[in-house]
Amino acid sequence: MGLEGLPGVDQVIPISRPYKLASSELSHHEPTVFDVDGRRVGGGQTFCLIAGLCTVESPEQTLGVARAVAAAGASMLRGGAFKPRTSPFSFQGLGREGLRILADARAEVGLPIVSEMTSAQLADDFAEAVDVVQVGARNMQNYGLLEVAGKLGKPVLLKRGLSSTLEELLQAADYVLKEGNERVILCERGIRTFDTAMRFTLDLGAVPWLKLHTHLPVIVDPSHASGDRRLVGPLSRAAAAAGADGIIVEVAVDPDVALCDGPQQLYAADFARFAAEVAAHARLLGKKLA
Amino acid sequence: MGLEGLPGVDQVIPISRPYKLASSELSHHEPTVFDVDGRRVGGGQTFCLIAGLCTVESPEQTLGVARAVAAAGASMLRGGAFKPRTSPFSFQGLGREGLRILADARAEVGLPIVSEMTSAQLADDFAEAVDVVQVGARNMQNYGLLEVAGKLGKPVLLKRGLSSTLEELLQAADYVLKEGNERVILCERGIRTFDTAMRFTLDLGAVPWLKLHTHLPVIVDPSHASGDRRLVGPLSRAAAAAGADGIIVEVAVDPDVALCDGPQQLYAADFARFAAEVAAHARLLGKKLA
Amino acid sequence: MGLEGLPGVDQVIPISRPYKLASSELSHHEPTVFDVDGRRVGGGQTFCLIAGLCTVESPEQTLGVARAVAAAGASMLRGGAFKPRTSPFSFQGLGREGLRILADARAEVGLPIVSEMTSAQLADDFAEAVDVVQVGARNMQNYGLLEVAGKLGKPVLLKRGLSSTLEELLQAADYVLKEGNERVILCERGIRTFDTAMRFTLDLGAVPWLKLHTHLPVIVDPSHASGDRRLVGPLSRAAAAAGADGIIVEVAVDPDVALCDGPQQLYAADFARFAAEVAAHARLLGKKLA
Amino acid sequence: MGLEGLPGVDQVIPISRPYKLASSELSHHEPTVFDVDGRRVGGGQTFCLIAGLCTVESPEQTLGVARAVAAAGASMLRGGAFKPRTSPFSFQGLGREGLRILADARAEVGLPIVSEMTSAQLADDFAEAVDVVQVGARNMQNYGLLEVAGKLGKPVLLKRGLSSTLEELLQAADYVLKEGNERVILCERGIRTFDTAMRFTLDLGAVPWLKLHTHLPVIVDPSHASGDRRLVGPLSRAAAAAGADGIIVEVAVDPDVALCDGPQQLYAADFARFAAEVAAHARLLGKKLA
């Protein structure tokens, strides 16, 4: 730029956002809005309540939760079929059988299905069985998986890595967006910090920060962040008040017998009241349940 | 306990909370509620809106803000007279002159004063001039200062250290409580993490966690946490929705000329709308402005 | 265990290490020692000096570095052919062409090759071209990739994730070990913390901690940890003094024109002196260069 | 500077180090070297071995350790008389009685005394009783205390706060230096991170980073960093190899009965071997014990 030689100039630092396609500024992009089987995601007029199981264990357990959350007005049903686990000796989910159980629940209660894809090899299975493909926190920088997710032609729910900066989250979104898939939902799910009072530290400032910097919808996962159902209600309300486009929470009919993450799951019997409280805060921002 | 010798016992670990007086469990304590010049703090029926200047710079600047926040329904006026600064070469505040300006503002607009005490030597000055003595994040483990604050006979607003665990915050509160002073307000103000998108990471999970573990009132400081006024509105609403007993925010008539922290200060002209939005979320939890 | 009912017993917590195969305790395992083309890794009598390029850019650049580090006594040659990059718009490496260039360098200078495998689809290429398969920090919890690496029949260099605990590193190693592959090298490469003075915070305490808890060899990567060549010498010496089984460092003939990570690369012209200094500290612990 | 209006210029950012007096660049300062009762600190030719008790409990316990470390060649004796404790209900040290016991030990074994000053009110006591005044990690940003320490006319050992950046450490040093006291020793003692395998994460990269940016001597405290005596040997050797000017470690004749921090204390019976091993690494850098 010809500034280097001027008196008083030590260094010329070109400033540009490292994320390009996800940026609201660089692409002069209107907020991204899209439909998932009739539920509107993004755009500021709807709030997306995704609820369901941590892990699919049986048809009965899955249907029980699916009916409860559908009755309370949930927008979509979540459920894990393939579970990435820290230890190879932990339960890894039912796999393809789990996807089949979720598809049956969709047929029964009519909610779109969100489930995590853990490997590029599973692309065909997920293309068939689910409505929103989740990329989990551990895989946020698994670039091969992001590209495959981008090519599937399905909305992608991209979770923030547990020690990823918000810039890195948007750069990871760029891997999906560059495949021509604009239907990406970003998800704040808690970051790793020094404090051990809760499982992770939910970074709710990420919600308004992302709203300033990207056109993509932003949701919050308070279940994994806190690891404690007593905190999920307050943090879900706070997410709505902070301007999130939705939340994703875990619910169980009997969390005390769950194979995984029981203490963070809401009781299905309490879910209708929970949903109403969250919706009341979303309504103050002009949003109704999707 | 006589368990050590039993077969299968490797170690006996006695479990007890490291904070004693601040604990709601150990002391079987009802939520602490008290009045500051007629404003009720704690107890679940009021929301405390503390607003004002980062740093007192002049009588005119102080009065301008004091009138604006009083008109919008603020509960108390904050303002810094003694400023702890990372570098000895930064502006350190007006000192005792600043306390006098705050006292004049109280006389004029009728709001109780909150200001930070940075040294035990200033105890007499603060006893006379302020209504709530703030202990700042840098001094959360300055135990001599905590004891002096405990003896002053004034409510103490204790900010969480920027890398303190919630347990350490409650142990620091114990230093005040053991002097016989029960009027302690805990304040979450953002913690230090790896992310640099915002100045600190506001830990809103701390609000419901503290509500489960202590009887003391809990407020939130979104101004210092985010360092960005565009995030203060969403995070203040979120604090109310998460169940906080109040917030403390920075406001300026013209933040662009402030000597310190201008970008995080709300415009006084926007404050009434801001306060109404936060109050609406508090009202959903059954609270009205204190 | 029948303790639950005893007076004074609140809860019975069974204690077991979450990593099983990597544990030195649970498996009563002697330190793992193995050869890579005649270089001994692990066992306390050798120090492994892995050096080379960040990214393979051309045959000339690669051979220049390979000759320099071979002449100075390096044990193995590192070089990146497939580069996982935060942004999809950054240079991603030469791919298979890079692997061919590395194989040519091995033929010329006789050093075994270490290179990062970023995807399970590349397994055949890596089985043919490299001597040690690296799994990078971003992929430490890409479990599908770990299992494929475990099945390749090659030693695996497993880097610690940038926010992974040491327990999680050992659990990730379990994914490789359970495939019957015992030749795993653990690598501390810096963790993400609040401090921004250096790129990451090198956790040298990890070296003796891992030595207490696992039978696997442990090396250190001070280049990526610090991001600054002026720190690589002191931290490499420190790694040797802390008891590491080796280091992995980046070297370039002309780092100032590198496409990636230039400031952290040692000058090839300084490498012989660097190697001698590190070796002197290793010798105090009874180790000679592998 | 008149650059603002030029085409392509978005913003002009003046670059300056925020620490002024501690900076080696801004002050064109030679490395600071000084004597403590005949022991040379700083300057690259000596290594300072400060050893002793966590907390002074009795004259016998203190003398036992003092004799052991003096016999093994320690440079100075550390011992805590005033202990800052997270909980007000923990043992806070013997206070002035502890200082008297340390003074007696100095008279007996001839080692200079290092002890932590926790409050400005204790200035006269410390001026009389100790040779090096320590400011602890919790008080690194207790600016009133730093100024008082700066005025005492004694060398000051300044520990890094457990979540302080290196820039903040140098700015804290500026508070001492501006009082005209140049005899400041910086101490890396571990920082707070997400990992819980060790008590803190020792940041040994801080040693060469500080050597590049300040003229002040730098030492390392591996005892508090690791909280585990089995790690203190490897980390002390590593500190020497990284170029530190010394270390400060805890030693006890019988750590198993210590009132505080027993598991991190070296056995006095092992100290001579420990000291010899550390000294061997320092010798490779041209340093002998001070």
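When the chains are written out, they are named A, B, C and D in that same order, and each has its own residue count from 1.
We take it that contacts are C-beta pairs under 8 Å (C-beta built on N, C-alpha and C of every residue); 3 or more make two chains touch, one makes a residue touch a chain.
Note that the structure is a prediction, hence the values are computed from the model and not measured.
Most remote from chain A, judged by the distance between CA-atom centroids, is D.
Rounded to whole angstrom units, the spacing between the C-alpha centres of chain B and chain C is 46.
Chain A and chain C have Cα centroids separated by 33 Å. For chain D, residues touching at least two other chains, in rising order: 163, 192-194, 196. If each chain is drawn as a node and touching chains are joined, the picture has every node linked to every other. Residue ranges of chain D in contact with chain A, taken from their complex: 1, 3, 6-11, 13, 15, 163, 192-194, 196. By the touch criterion given at the top, residues 163, 165-167, 191, 193-198, 201-209, 211-212, 225-226, 230-231, 233-235, 237-243, 277, 280-281, 284 of chain A touch chain B in their complex. Listed in rising order, the residues of chain A touching chain C in the complex are 18-20, 84-89, 118-121, 138-139, 141-144, 162-163, 168, 171-172, 174-175, 178, 192.
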